[in-house]
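Each structure below is given as structure tokens.
Across the two complexes that follow, chain A remains constant while its partner is chain B and subsequently chain C.
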Partner chain A sequence: MTRSKTPGKTRLQGGRDAVNQVDFNRFRFWFQLVAFVLFVYGGYLAIDLGTHLPFFSCGYNKEGRAGVCYLLPLQHQLGRPLAMLFTAAGLAILTGFLLFALWFIVLNKGWCGFVCPLGTIQDWITALRRSLGVRYSKYTQGQFKQLTKIKYILLALMILIPLGVGGGIFSRDMSPPFCLICPARMILPIFTGDFSQFTVDFSSMTALVMTVFGMAVTGLFLVGSFVKKRFFCFFCPMSALHYLISKPALLKLKKDGDKCTRCGDCYRVCDMEIKEIADDVKTVDIMTDDCTLCLKCVASCPEPGALKATFCGIPIFEATEAGFIKRMSKGCHDGK
Partner chain B sequence: MENKLHKVIPIQPVPYSRSRQAGESQTVLDHIVNDFPDNPAAMQYFYDLFQKVYCLGEDVPHEGLLVGTTCIQAPEELIYAFGATPMRLCNGSYHYDQRGGDFMPAKSCSLVKATLGMLSSDNIIPKIGKPDLIVNPTTCDQKKKSSAMIEGLGYAVFDLEFPNTKESEASREYWQRSVREFAVRLRELTGRKLTRKNLKDAIRKISRAQVAFRKLHNFRRISPSLILGKDAFLVTNAYFFDNIERWTEAVEKLNEELAQRELDGFKAVQSKAPRVLFTGSPPIFPNLKLPLLIEESGGVVVADETCSSNRMLYDMTAVDEWRVNDMVDSLADKYLKPCSCPIFTRNEDRRRRLLDLVKEFKADGVVYQAFAGCQVYEMEYRSVAEEFNRAGIPMLYIETDYSPDDKGQMSTRIEAFLESLKNKKKRQA
Partner chain C sequence: MNHITHRILPALLALLACGFVLAQDGGGRPPEGASQDEKRAFYQKRAADRAKAADSAAPAAAAAPAPAADHPHGAPASKAMADKAAPAKFEEPARGATRPAGMGMAMRGGSGSGSGSGALWLSDSPPARGDGLPRAGMGGMGGMSMGGDRSGPPTKRLWLRAGTDPVKSGFAKEDAEAPTEILLVKPQGVLTGEALPPQEEDKKNLAFVMPVQGYYRLYVTTRKLQGDTVNISVAKAEVSNFRMGGGDGEERAVALTAPRVLETAPIEIVREKAANEPTFFQLKSGDEQAFVVLQKGLPAQGARVRFVSHEGWTKEAVSDEQGRVSFQVIRDYFAPWNDFQKRFKGTYLVIADLSAAESGKHKDQPYTSVHYQATLAGSYYPATEDYRSYAWGLGVSLLIVLFSGAAVYLYRRRRIKTFQEVRFNDAK
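Our next item is the complex of A and B:
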């Protein structure tokens, strides 16, 4: 209710109000589309952002990629003969990880919610389902608690198997293990007309098993993300890796529990079914390991300042009553 | 030979407006209108409305079938979506409270007794007509037990099953199922279908009303106050039975006037008037005894946490996918998750909400009303008092009912409480 007196401040406040009242879903749709085009087709414009990207800008999309997902070089590096890991090559792994971490801390998991092409594809599949009038499905709390661990198991395997390959325990045909089963490897190249990943490799038993398994996962991905919002993100080892190093990130999701009425509106719209976002009134840094930082929760929170996204501690997008009302009444008119 | 006795003049039935029941409402309404200075001009709509409905007993019109609700937990959006009109049956009249005494033990909640008393009378005031269905959410024990009694009075009753806890996912899913069953019952009742369009329209209708309410609510943050609490309670009470579109327009008009008052630097009360947060059992017209006593003693009710006002209209629905299924589940969530009703096992949310309201509305103290026999509010008193003690916020707990008998001693207690708030303010200044 207090009004700022100085015109400069008013302009800043006006700008803030405009941001907080933005038609958030539309903004995010266009942001994701632009990011998708950039990372799937940017290569044609000779854009190359390196090989340490913290999201699935798939390296197998050889022509169009504008940079490579860090998981590909990481698995390759870890798959070198074990003795090499303790030489200068080991140092290269560390610097590589550092570069990855530098990319990561800018947007935190916002890479998942706003940039990751595989995430965007899932949102498009969700939009398709919605327009067909098909209902989404959910996990029970019990299922949620079990399944949420899978991404850590995948992360561990993604590190241990290449080490095993390097140590001669596993066949070379298992490397890079996660990429072989990652749906991005098969799906993203399609967008540049490359269907070559849709092949079964009969050269060895291991290769056969891995490629067939990869196909099965891709099939599961397509079906899963049709019935479940952001189906794959729940199991994503990148997401697990993100969470482990998310403490120093610049973009943060903050909650002021005193202002929260626990109305559950944020939980309602959460693609990842994160209950804590509504029920936890003690944690300030409210981003959990499943979060994709899509910020839909902030957009659907009616309590001023209860949820906000901050960058280097400065609020950039904040829950406001006016923003909530504007977005909701738009939804009542032409929401899908 | 004709007997002369036949010529005895029969007792003429007294018109409602001259009955004792109407008199009870008239006295309170006159007090609200005449005994306070500077009533907002836009309040005239509400004064007239209560005059017509409660004092003159005029008809309250409705569209489609009439669905009575006994609690804020009944999802009104669904009722509107099926083309029916919801009408809240919770009653505040002492006349009906006495009448309802036949149904319930002596020491039970006035509100429940008054609702039963109203439903058992031939001439229901507000004159809404006979509800085609009464939906009774299974909240407190007294409301639960009144289901069968209401049915016994010849009404169709739907027990809307409401969970006792709200934290668990199981209770959330249980409640979502209950709400879907309610939709099925409404479909059978009205013979209509729940479509995306009519549900969206219903959500829009209510959210527009909520937006108007929130705006009014926000104006009450300003100190010194722009509007008195007695008027705010009257506004939200009107929501029980008034046509929702007309109600919303009237509130929007009131908001415009308050915006003007803000610009003019208008003060509805003295700058030093103690600001009071009202919580507990709901004040429902004509039982505005306690809020009126506070304001005639020089205090001002700046906010409330009751199911006849704030809790009924504050929390809004968010929908992710505008499909019937998701909208119905979203509505269910809205009616369960933010609810700070004392019937739940835990009351953490209620205490947090109260603390937040005190802070946001700069309240100096809290008045906690518990209807004698309203066990859940009586039992929560202790934990709420402890919370306020810790926070250093003074609270006055008052156990009362609809009878006017205790007005004298209550007014003494309230005056003393407000005096202590003033002194505290002075010391702090």
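Our next item is the complex of A and C:
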């Protein structure tokens, strides 16, 4: 019995060691690239994953999209006449939300850190900045605490404005409000050669204001992403919506405070500047509302088992000393 | 962040409750649970009120100075405004007489004479509503006149109208000598169609339910003997019913590959779809649109085909050996800028005439020739180029990039502190 178990255990341990010592940045880069190609060009391969995706696979990328970000149909559905929302037609909103939640529950906010095409573009812009030798910016803790509320305000507006449109309070030119100002609407179609969203609509004052605002946000996105890592994710209402329903998600970021030495490595690599990841040694489920579950904190942690990613409670990637040393020694040969 | 979520959720629930209360107020709709008769009475009263309001608005519009200075085509704009302000009349006026000349080659007034003047065609709006302005509420569906119970499949209503003016043609009058045959072809139904009962006496519209996705086609055929010629008229309407997000994939696939031709139709016009045409297709001003004239499913060469735009401008062409004819949809919506509506729904009408030396008997009366006439109406909208600007879009984003980039650069420059040497005197 013992003899038959040992090789299996060894193989399992070997597999775990290989995962824990993986060149994480390279793995993530290729994962993001494949996801980007899939969701920006998948439409050309007749791939259609529906309209309830929990990340910015933009519906305005008409030709190439392999699915549609859930925020677009949600705003359209909420923009129906109010009387309609309280009939059986309102069930479509509930079933739509359920489908979105089912997608979301699989990867939790890992959709943001690994799959979202807009997040990937921000990472590429960050790589460009790094290669040009330009230093990045950081928020102060005071700024951080104030700015982190913006995504909830945007989420509330994203729900209230379509309801107002359906109720006849706001112009239909204001719908879908978030999509009109979302940089993904302008930027993602460019990758398939569609520049039609880079326009200002003069047909009404509302359309004019919304499209000018959208162009301004796009400009800010480009500059902001250049000087600040994951600039837009900080204000993303999808991120806020994710956090509200993240409790039952299968992918989790766990922390063992007893093993943490508060060295601060995890905080320093965090694109979102989440201080709790280093300071909080009591919370086990350490994912916060700003977290994109990119797992860079796990990869940079030198304390074995202090940080880990689990799927259905099973550790799939955890901090190890060997993994830390291997990743930190990348580029060094023969100890030089 | 929990305190935020705890505040947002109750606020959203309170909002939904408010929405529910507001939803109980019917506004411009009949009360929930009203019977069909009550709904009809409600809509008739509302239409009468609107007509009254339009009556009172018409003199004011007529007295207003024409805004010719607003637009290079000031005259058509003022004409369009006057048309919209005036109450729709069911008899067809001679609109071409007041239209300025020289708007394009081979154009002439829409109310032509001859065999086409009383063409029967199917419209998705009655004459009183055919002004193209977007409607409140569900206007985003392209003014498709969807009806029926909201929880059930949509119902489509169509009106049979007579004339060549897409806006002002009146309701077709019943002709005892030319009974109508009404045939509905569903996307998954019998290819030869099913008979649809004619309108009820107090109704002017033809209504049918669209339970599955796809293209629904309605054919209204009349046959009438005049002298030794039989006039066969086929008014056709094609209505698309697709769901946002795709719906049932198999049903959609069947709908997209189903034939759009009725092989038993004496004559019909088929709108040619582009290869990559989306299901929620909108024809825009400036687009090229092809039509195919078919007789019993086969191309009809030499048919005289007329395209009549919303404002009544007409272009004529003759179908080729494939039965094909193509028109560029002209831009004829020139509202003053403050009144411009990007969702303005223009209606076009295509009429195909073909004569053939065929002999036979119609109702025991001999004839020696047959005149075929087919009609097909559709809608088009202002081109996006009319109201969207790339230059401004790129300009605004570039300006913000430059401005914010400079702001970041200057902010960082200000924070750079010049090196100052500090010397410690250890001797002290």
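We adopt the following convention: the second predicted complex is superposed on the first by the 325 of 336 C-alpha atoms of A that agree within 3 Å, B and C clash if a C-alpha of one lies under 4 Å from a C-alpha of the other, contacts with A are read in each partner's own complex, and residues count from 1 in each chain.
Methods note: a contact is a pair of C-beta atoms (placed from the backbone, for glycine too) under 8 Å apart; a residue touches a chain by one contact, two chains touch by 3 or more.
None of these values were measured; they are calculated from a predicted model.
Enquirer: As a test of reading the superposition: which chain, chain B or chain C, is in touch with more residues of chain A?
Expert: Between chain B and chain C, the winner on chain A residue contacts is C.
Enquirer: Figure out whether A:98 sits in contact with chain B (first) or chain C (second), or with both, or with neither.
Expert: neither
Enquirer: Just chain B (first), just chain C (second), both, or neither: which does A:106 touch?
Expert: So A:106 meets neither chain B nor chain C here.
Enquirer: Looking at the overlay, what does A:148 touch: chain B (first), chain C (second), both, or neither?
Expert: Touch status of A:148: second partner only.
Enquirer: Does the superposition put A:163 against chain B (first), chain C (second), both, or neither?
Expert: Once the two structures are laid over each other on A, A:163 reaches chain C alone.
Enquirer: A:34 in the overlay: touching chain B, chain C, both, or neither? Say first, second, both or neither.
Expert: neither
Enquirer: Check the residue A:216 against both partner chains and state whether it touches chain B (first), chain C (second), both, or neither.
Expert: The second partner, chain C, only.
Enquirer: Of the two partner chains, chain B (first) and chain C (second), which one does A:45 touch, if any: first, second, both, or neither?
Expert: A:45 contacts neither chain B nor chain C.
Enquirer: So which bits of chain A does chain B touch that chain C touches too?
Expert: none
Enquirer: Across the complex, what residues on chain A touch chain C?
Expert: Residues in contact with chain C: 48, 50-51, 62, 68, 73, 76, 81-89, 137, 148-149, 152, 155-156, 159-160, 163, 167-168, 172, 186, 195-196, 198-204, 207, 211-212, 215-216, 218-220, 222-224, 226-227, 243-244, 288-289.
Enquirer: Name, in rising order, each residue of chain C that touches chain A in their complex.
Expert: The touching residues are 1, 4-5, 8-9, 11-12, 15, 19-20, 22-24, 26-27, 29, 32, 136-140, 150-151, 244-246, 278, 340-342, 384, 387-390, 392-394, 396-401, 403-405, 408.
Enquirer: Could you please specify the touching residues of chain B with respect to chain A in the complex?
Expert: For chain B paired with chain A, touching residues are 167, 169, 200, 203-204, 207-208, 211, 214, 218, 221-222, 314-323, 325-326, 329-330, 333-334, 336-338, 349, 352-353, 355-356, 359.
Enquirer: Please output the residues of chain A touching chain B within their complex, sorted ascending.
Expert: Within the complex, chain A contacts chain B at residues 1, 130, 133, 135-136, 140-141, 257-269, 275, 278-279, 281, 296, 300, 302, 321, 324-325, 328-329, 331-333, 335-336.
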